[in-house]
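Next come the structures, one after another.
What follows is a pair of complexes built around chain A, which joins chain B in one and chain C in the other.
On to the complex of A and B.
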């Protein structure tokens, strides 16, 4: 039991990656809320965000300037994705859209592979090193990631609950047809959701690349973890997704530490299964009354 | 995409040569039948692409060199290439295609031990010699069931032996193992467990990580809490670089010594300063200029590094060296026989005796299809810009 002293370390590790899962998961949630589509290309925003930043920094651009440019690049991608989906015939169901996002994810992964090759890349955004909290090493990268995640929560909350556009988006999520009757264009809201989740994914990518590195291949796994975070927290609620991500990260860290590291990636899926079976609406979403979707 | 482009290029070349578009298919077949055709299934994409890309480069170089010198017995050598994409499934597809469609006379690859394990039965059943540039011990054992498989790669047992030899010199008694949860990592773990007692070393704790791991601090914390003198890390790809970065952030006291999965430029570029001073098992090709002149690999490695750098603009790593040696052996076998599959196999088994390659001195025999000894490895110490030869090796 001598390794029980390492429990804070298990939690610290989980916190860092969990915040990233949460940012990706919030993107899933935003798009799902406005359009009932699960965007499986979400993980690719992370890859493009991270790798664009790598390229920008390699070309002499300051990392702090590279961050917004990389996020902007992802926003363009998000717009493109929505534009493709918008060409679908009226009346196509959500399943079609979901399959299209899978196709686009695979195409983007291939493209990333062509652009950045197959290796893993990194750049430095924050100073290397770590502080010790309760005997656990918490890297500056973890602190920056957590801080930015909190900031994102605040901005997202202000946007959704304190601006008219945010209110319109929530109305649209609630019932697009009723929203339409009061003059809200659901299509515009859906586009807004895609742009917002692309920027969240890109931001997660830029944040994670300096400490964990990034490769064209990482999108799929990060996307699935983000999706799990969203399901754990409740797909209907982006803040739930962020908390869900952090919980998922902590759960993974603890399981690896206390049970076995052989199953590191399996724990997320165990959590996913458990939540889907026991509390399908997620931990932080209100249970919807029967008859309402 | 790559293979289709190659195919297209090949056809175009023939088209240009004959200028008779209508006859192209027939001519293409005739031309191909004239060339010696060797196959390569390598992981140029996916998690092991850091292995597959330099390996592919090295084989392309070997084939270009032989064709520039007029081919073999007046016939060109044609390389059929398939991407095995770092997965077992794609390895199987790639090797099947090379055998049944491209009808190659020998295959080099796949790049990972896991991929090779998956294709063993196919090559064996089709009776095609397969040269595996990997480290797994089970790839060539038991040799009775591995008649068609040869392993020119540095074995995991050799690499672990090198690590234990270093441990003895450094006075480490208690080691922890940190391995990637796949065939490569498990091979390292098993070899370490088997060989450690011979060197008076005990294994205090064993931890693993998935090949796509993003945070290894929990594992490192457990190893550290077990009070190990050093950690033996056997993995590859991004997580292996994250190990060093995490260890530095945690202020980990125990040194990390790694197998040869880290002896490549992709790792060195990604890990940054976190690895400086740590011992890594490597190959002569990486530090050839520091080797004494008497070292058998000094001259071949110098020549290979020069040619490879001129062709691809970057220095080769040890995986490139193994692939280059594999290609050279196949080409030599074709030179000395009629180039039939069985003849190449027999040549490899019986004629590779003290064969001096870029990687080491190879010896295959009917009872041993693993070609190298521990002499084919060197211990390196990571420096700011790359690595240097450990002092005791000079």
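On to the complex of A and C.
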């Protein structure tokens, strides 16, 4: 029963990374909702956010100033990605978009490798130390990461449900053609979704790098885990994705603690297959939305 | 008989030409290093040909095919070095393991949309890599497995690069001819149908999920063969040998050469296979170059090099006197189709409520009603394209409620869609063969049946054209033909006359009359009264999802509720 005592600590180990998976997953949801595209380059925003912050801090910029600059850099990448995808022929199929975004993801990953090398990087952002919560020591970094993620949820909710632009985006997600008839430009909404997704990814990267380090090689892997988070949460629901991400992080922490850390990166894959097999509509949706079969 | 042999040999012309061209390569170079590169190109051709079946034909994307190559490589490496097996015994084991793993990934993902398989296959190599690195005491981890034995043939160990080149070429010949013939068969048509439109494929009786899973496992087994042949030549494999960059390179080579054409992938590998050699000094830039190349090709030339050459169909009209054109009668007492209590709600909207009707063999039964009355939904529920909330659909006494669309199609329930859903990548004749292939039998049987349909519809002149090269009426007829080619007991037609001229409607009416006279039951949904009224034996009227009248044409037109639904409240009293 000794291992039982360690469970809270294993769970605590997965909290911060889970929040990061959630933020990546929410990015998948936002883009999927407005354009029915799965952006395979989503994980790259995290890498570029985290590593830009590393470079900025290394050049003497205060971490708190580096954060918005790094997020801004990701927003530029997001805009560029959308501009490239917008050149696709009308009526291009799902396969085209998958292949274009995966091509860009690999190119970006290679580019990050050129810029930052293959090593691990970090910078310090959080105060040292930890607090004891329910029998587990939770670092301040984890607390800040969770706190910011909750704040992001709140801002995202206010944006989607309380602002005109957010409502337009939801209308567009529901039916782009009907949205067009009431004066909403789906193209603009899609661009907005890419910018928002990129900023969520960039923010996740800046948040996670100080506690768990970042490497140019992480992008594809983080993308898969973020996608898993989104699938757990129901793909179309950004808030479900954040909850899904935290659940995935806890699951990973538990598996690493109880089974083995050798397979750390494989647990998410197993979780993905299990969810697709048992509950492809996600944990929270009652039924598959139309078109998602 | 000699003519048949000729066409059969003629069909193999492309793969034979490829193999012949590759066979002269060793005659042109004495350089062992260059020959080694060419051997690697042959191995990649094997893998890419297998990938094309999955990606080019069936339209399913594997971003981690390198992992299946690695499974073959490790099966050969470990079974020969650790257990002392012969390489020849290890190869099929590797292929079977790869197929099994592919099936495990396929079952949860291939029921769903395409990006799930793409994401899962992107993730699988990570799991595989973790297992190899984690099990370094048996797998060698990142330092790898060395001294893997070479293959021997008749007691002679194949050390000579030229000999090994020809061995790989022999394997390629088997794979290429097998895959080529499969893809030129009716299976190729089914895969293209799945790629283009899964709902339309199901309506043609194709078990979409099972077919996709089968193709994925075949593709993975072929990839594993490539991996085995690789390690028996290089004699070394380590974690990461066939990583993400390798998998991506396979996709780029296929896409650049042209998906869905077999020879396109071959050309892609030969052209781009040299790129890693050219980039040796800038190897770290390779992912950037391949990534950008992939994005550019997909954005600006998604059909690749092969897209420059029009595909020529190997299916053609042929005379065949042995084919029946009578509907597949299902023997049962009572009506052919009996629908009762069928119900469907979308959120708060009741699209169809308590729909009950029957159709007899050799009857034209029309369903009419204002826009939004639930007609198309009703057809979707009967055909199984949409699951019903409640109710029963019996065909010749057999219950089909809750069973998928392809099973209903196979049982003799044909259909067309509201907006003609032909397979755009198949010719007119192939679209009709696709329908006929549901009947089983030989390829000649299907071609013969399709030829009968083609001629009875007057489509002979456009048989070898693609759907975007013919007019709207011809597309409609082709879709009707594709449904009728399966000799359905009953066919559901969703607005076949929409957009047709008066003369074309008359031609269509004649086709339907002939079909009814053969004993086929027809359920016709349409707004065009010029078609419905003279043709129908009985008419069912829907309004707001409920049936408001049912009877022969004259009684239905006289019904006050029908007049009110169509013309407004006042008209009923006028």
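In this text, the second predicted complex is superposed on the first by the 280 of 293 C-alpha atoms of A that agree within 3 Å, B and C clash if a C-alpha of one lies under 4 Å from a C-alpha of the other, contacts with A are read in each partner's own complex, and residues count from 1 in each chain.
Everything that follows uses one rule, which is that contacts are C-beta pairs under 8 Å (C-beta built on N, C-alpha and C of every residue); 3 or more make two chains touch, one makes a residue touch a chain.
Computed from a prediction, not measured in an experiment: that's the story for all the values here.
Enquirer: Is the arrangement of chain B and chain C around the shared chain A a clash or a fit after superposition?
Expert: The answer is clash.
Enquirer: Let me test your reading of the model: by the given contact rule, A:113 touches which partner, first (chain B), second (chain C), both or neither?
Expert: Touch status of A:113: both partners.
Enquirer: Looking at A:105, would you say it contacts chain B, chain C, both, or neither? Reply first, second, both or neither.
Expert: Only chain C is touched by A:105; chain B is not.
Enquirer: After superposition on the shared chain, which partner residues are touched by A:38: those of chain B (first), chain C (second), both, or neither?
Expert: second
Enquirer: Which partner does A:95 reach: the first (chain B), the second (chain C), both, or neither?
Expert: A:95: touches chain C, not chain B.
Enquirer: Quick one: is A:147 in contact with chain B, with chain C, with both, or with neither? Answer first, second, both or neither.
Expert: A:147 sits against neither chain B nor chain C.
Enquirer: When the two structures are overlaid on chain A, which partner does A:268 contact: first (chain B), second (chain C), both, or neither?
Expert: Only chain C is touched by A:268; chain B is not.
Enquirer: Looking at A:139, would you say it contacts chain B, chain C, both, or neither? Reply first, second, both or neither.
Expert: first
Enquirer: For A:256, using the defined touch cut-off, is the partner it touches chain B, chain C, both, or neither? Pick first, second, both or neither.
Expert: So A:256 only meets chain B here.
Enquirer: Just checking: does A:127 make contact with chain B only, chain C only, both, or neither of them? Give me first, second, both or neither.
Expert: neither
Enquirer: Does any part of chain A touch chain B in one structure and chain C in the other, and if so which residues?
Expert: Shared contact residues on chain A (touching chain B in one complex, chain C in the other): 113, 221, 260, 262, 264-265.
Enquirer: Using the touch rule from the top, collect the residues of chain A that touch chain C in their complex.
Expert: Answer in residue numbers: 38, 40, 84, 87-89, 92-96, 98-100, 102-111, 113-114, 220-221, 223-224, 227, 231, 260, 262-266, 268-270, 272-274, 276-277, 280, 292-293.
Enquirer: For a test of understanding, state which residues of chain C touch chain A in their complex under the given definition.
Expert: Its residues touching chain A are 55, 59, 61, 63, 104-105, 107-109, 111-116, 118-120, 122-124, 126-127, 130-131, 133-134, 244-245, 248, 251-252, 255, 284-288, 290-296, 298-299, 302.
Enquirer: Which of the residues in chain A end up touching chain B in this complex?
Expert: Touch residues, chain A against chain B: 2-3, 5-6, 9-10, 12-14, 16-17, 113, 117-122, 128-130, 132, 136-137, 139, 208, 211-213, 215, 217-218, 221, 253, 256-257, 260-262, 264-265.
Enquirer: Residues of chain B touching chain A in their complex?
Expert: 44-47, 49-50, 52-53, 181, 207-210, 212-219, 221-222, 224-227, 237-238, 241-242, 245, 248-251, 266, 269-270, 272-274
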